[in-house]
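Pasting in a structure now, in structure tokens, and then I'll have a few things to ask.
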Amino acid sequence: MKTHAKAAGILLAGMTAMTALLSGCGANKGANGKTVVEIVQYKPEAVKAFDALEEKFNSTHDDIELVIDSPNDAMTILKTRFIREDYPEIIGIGGDINYSNFLDSDMLMDVSDYPGLADIKESYLKINEELEFVPTDGTYAVPYMANAAGVLYNRDIFEEHGWTIPTTLDEFYELCDDIQEQEILPLYFGFRDTWTCLAPWNAICVDLAPSDICSQVNAGTATFAEAYHDAAEVTKSLLAYAESDPYAYSYNDACTAFARGESAMYVIGSYAVPQIKSVNPDINIDSFVFPASNDAQQNVLNSGNDLQWSVMAGKEDKKEAIYEVLDFLYEDENIQTYLDDQNAVPCKNGDFTLPSMLDGMKSYIEEDRMADYQDHHYPSEMAVDAMIQTFLMDDSENAVDTFLERFDTEWVRYNRDLISKVQKFYEEHPDLLADEPDSEKGGEEQ
Amino acid sequence: MTQTTAMARTAAAARKRDKTHYNWPITILLIVGCVTIFFPLYMAVVIAFKQPSEMTNDIAGALALPTHWSLSNFAEAMRVTDFWHSLGNSFLITAVTVVLAIVLHGLAGYAIGRSMKSSKVYNFLYLYIVSGMFVPFAILMMPLVKQTAQMGIANRIGVIVLYTVFYMPLNLMLYKGYLTNIPLALEEAARVDGATTWKTYWSIVFPIMKPMHATVAVLTAMSTWNDVMTPLVIMSGTGVNTLPLAQLNFQTEFGTNYNLAFASYLLALIPILIFYLFCQKQILNGVVNGAVK
Amino acid sequence: MKGKSSKGAQERKLTFLIITIPVVALFFCFNTLPLIRGFIYSFTNFKGYGSYDWVGLRNYRDLIGDSRVGNSYLFTFKYALVGTILTNVISLVLALGLNSKIRAKSALRGIYFIPNVLGGLVIGYIFSFIFTYVLPTLAQRAGIESLSSSMLSSTGKAWIAIVIVGCWQAIAMNTIIYISGLQTVPEDVYEAGSLDGVTGWKKFRYLTFPLIIPFFSINMVLCMKNFLMVFDQIMALTKGGPSQSTESISYLIYNNGMSGGQFGFQSANAFVFFVVIVAISVFQMTVTNRKEEQL
């Protein structure tokens, strides 16, 4: 019998020894009595700016230790951490469907008592309200940075040929024809990375489709087949002005090509600028709003919350420290640090130096003629980006109809639970349906 | 592919003469075929040493050797991927997993393999564990993330435990297969001498299974070393990286700079290539052993 | 096993039991338990976090009509079938070559095994570069119209690129297994055969092949299983594109279940996939076993 005990003993001892050996490395932070505030933010490209801010904060605060993580593929990491019930204090994510989902799952804390909210531009707070599946009373995210999407252009090439900025769709086509005549490629796409298909799509949809179309469809009052018809046709028409076989090239390839002057324009968001500058630091970039409509008044800037801070539910005990961290992040000087690094648009009111490549969009920002990205309402598993890619590759006559028909069916399929939830909510609150949802910003139906 | 003339001779005579009768056409074909193996590796090396300015769209330029050999890409890639730490983690995880696999799976193979003939229960247990080979990792992934976190092993230990379980089906099959060829007589002799089963295993069976240990070690080590998914979902966010995991992060972060990226790919490939160069014979033999059983 | 040693036999049984119980418990805990949990989630609309509802068999019903899941099955099976056949044919030929009387035999064997020791993801990245930049330029030079644009960007050809990379890696292991099979074929079989004047293809078909059928069946089963579970190559080469034409089942499960919010639905998908793989493997083994018995 002793040998059995020994057998089991050795097995156990081995396991325990290993456990002891490895568990010493977990590094539990906060042992020094400081309150630890951990931020996980989803923009790895901003890691340098945030490292600098983290260091600055920690050298000036004795009682709080700030940890900012900027991992790659942060969404997967956040989701696995949520499964583990290992929540950071603050998450920095975009104003998109993930935010809607986290909010819908009661994972975020109401921060409407955060004093800093008063300084945030109203339109960005409103965008977040539109992202709520069912209306709430609280505020669950503090917008930090917005980005804008449209057309980036190479200012040097434009000046050399004396081209001007188009304000209507016809002018845009004319411009593209002119550029092509000079044997320069007007546009370059990186459609191999399917998500880039959404860049022109979003920029066009804000002009041609109502901004709350998704809510309208959920409420059963509209179809995508109607609302997106023009947007789909304009998106497809761009292919004639791009490199052949755009599906062979990735986002990085497209950035590189534009940076090297291989194309005069690039339909993408301001977030691409750092990538482009990393290839060619001297490139002179400016931007303009995509003129998808022939009525110049109807064209609005495609802009949404690129980075916003949400406090996780259940962190009320650290609220003071968390708000102190937020205050720090919103100090003008620190916002400028981020702006200089990332070419973003700050969501806070104030006198900031906007990056020069947003010159062409400035007036829209000042006049508040903006609408959110349509794809912020699309569930990621529906893979609208891949559907657009399929549509663009489809050469048949009725490609538009096929695409939009599929859009409508799949939308219902992927949003079934949400639709029934929304409809149930409005059944219970019929009074709210009257003033909710309607499009407040630009982009009225034609 | 056949060489009937050589085969026709009687064995002894043939062996002597065949020293000079190599099948040259096949040898040459096989050497030419090596191009398919080396070409991708050559590309990786060439690109890893070049500077971005040397990258041209022209094919001759892409295939040409770099104008000067500089290790700066590697230094930068090592810095960004925190190479030595990642290497250390990969090494630790692989080494512990291999040891556990040999100890645990060997024992299990022995206990289950030796009992299968006489017991339906063990027969069932064998099939039960072996069928685990077919479970897609994707379905286990999320429950495992939750489970390891609840047990407080969402770290390197958890990854090692999971590997020990994931490779159990194949290794059990290998050990069991090997044992069927080892006669019971040896163990019985030991038992007559009064040795316990436990002692018999360690003093007689374990040493006999040495070739199979090598096989198990090789197969387990290769799979562990190259695996991304398990550490990705179990250890993500803990700040601890393995080499392939660092690679994955690298890919998204510095995608434009192919030279830097390829330097980091090479860095990920080199340790296992060196290991393979040194232990080539054992590895090939190990794999062969696994196949024959 | 004599009556006298019944005490010894008992001790032996007990030791085996004590070894087996913790191992099986470990296996149960980290394989079966999560599998059961996943199975349970397949009856919910769980997103992976937050609250969820029971939806009964809805996820399974949805599976049948879901075109994306359907396409991923079509793609995965096409890929696995072509991949398995190609890999086995090429590695059998390679093994015959590497087992014949050649110079530098062990060096060549060593070289042909290299792809197997390298990680799938990194290899995928390297090949992705080759398919995007090197191959089209080469094809343009050579005037091969059909290859002058990247294979990875064409819905019709992207899967071939993935097959190439998959085979490139899988052939190594299969070849070694075939070589070890060929080495078990005794010389005198050939001698007997050559006396009867059996040569070339006939020799392989009627003498060599029947003797290595066990190895053939190992290769078929393992190869098929690995190809069916393809993930790394997809991740590195196409991410399921272009236009979702190369979404493998594993990739879809990971992508929509883990990154997207379809965990419940994809758990149902994964469970069905598990049953399918087991069924295929059992079928393969029964067929090859029957063949073995016949011979």
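Per-chain numbering from 1; labels A, B and C assigned in written order.
Assume a residue touches a chain if its C-beta (ideal position, glycine included) is under 8 Å from a C-beta of that chain, and two chains touch if they have at least 3 such contacts.
As the structure is a computational prediction, the values presented were derived from the model and not from experiment.
Looking at B-C and A-C, the interface holding more C-beta pairs in contact is that of B-C.
Distance between Cα centroids is largest for the pairing of subunit C with A. Centre-to-centre separation of subunit A and subunit B, using mean CA positions: 40 Å.
Our note on geometry: subunit B versus subunit C, Cα centroid distance of 15 Å, whole angstroms. Centroids of subunit A and subunit C (each the mean of its C-alpha atoms) stand 38 Å apart. Under the contact definition stated at the top, the residues of subunit B that touch 2 or more other chains are 104, 142, 146, 196-198, 233, 248.
For subunit C, the set of residues touching two or more other chains reads 15, 19, 48, 258. The set of subunit A residues that touch two or more partner chains comprises 3-4, 7, 11, 76, 80, 83, 250. Considering their complex, residues 3-4, 6-7, 11, 14, 18-19, 22-23, 25-27, 40, 44-45, 69, 71-73, 76-77, 80-81, 83-86, 250-252, 255-256, 275, 278-279 of subunit A touch subunit B. For subunit A in complex with subunit C, the touching residues are 3-4, 7-8, 11, 75-76, 79-80, 82-83, 101-102, 104-107, 191-194, 244-245, 247-250, 253, 379-381, 383, 386, 389-390, 393, 413, 417. The residues of subunit C lying in touch with subunit B in their complex are 5, 8, 11-13, 15-17, 19-20, 23-24, 26-27, 29-35, 37-39, 41, 48, 93-94, 96-98, 100-104, 106, 108-123, 125-127, 129-130, 133-134, 137-138, 141, 168, 173, 176-177, 179-181, 183-184, 187, 190-191, 194, 199-200, 203-204, 215, 218, 225, 229, 231-232, 249-250, 253-254, 257-258, 263, 266-267, 270-271, 273-274, 277-278, 281.
Against subunit A, in their complex, subunit B makes its touches with residues 92, 96, 100, 103-104, 142, 145-146, 148-149, 154-157, 160, 196-199, 232-233, 236-240, 248-249, 252-253, 255-257. Across the complex, subunit A is touched by residues 14-15, 18-19, 22, 45, 47-51, 53, 62, 66, 68, 132, 136, 149-150, 152-155, 239-244, 255-256, 258-262 of subunit C.
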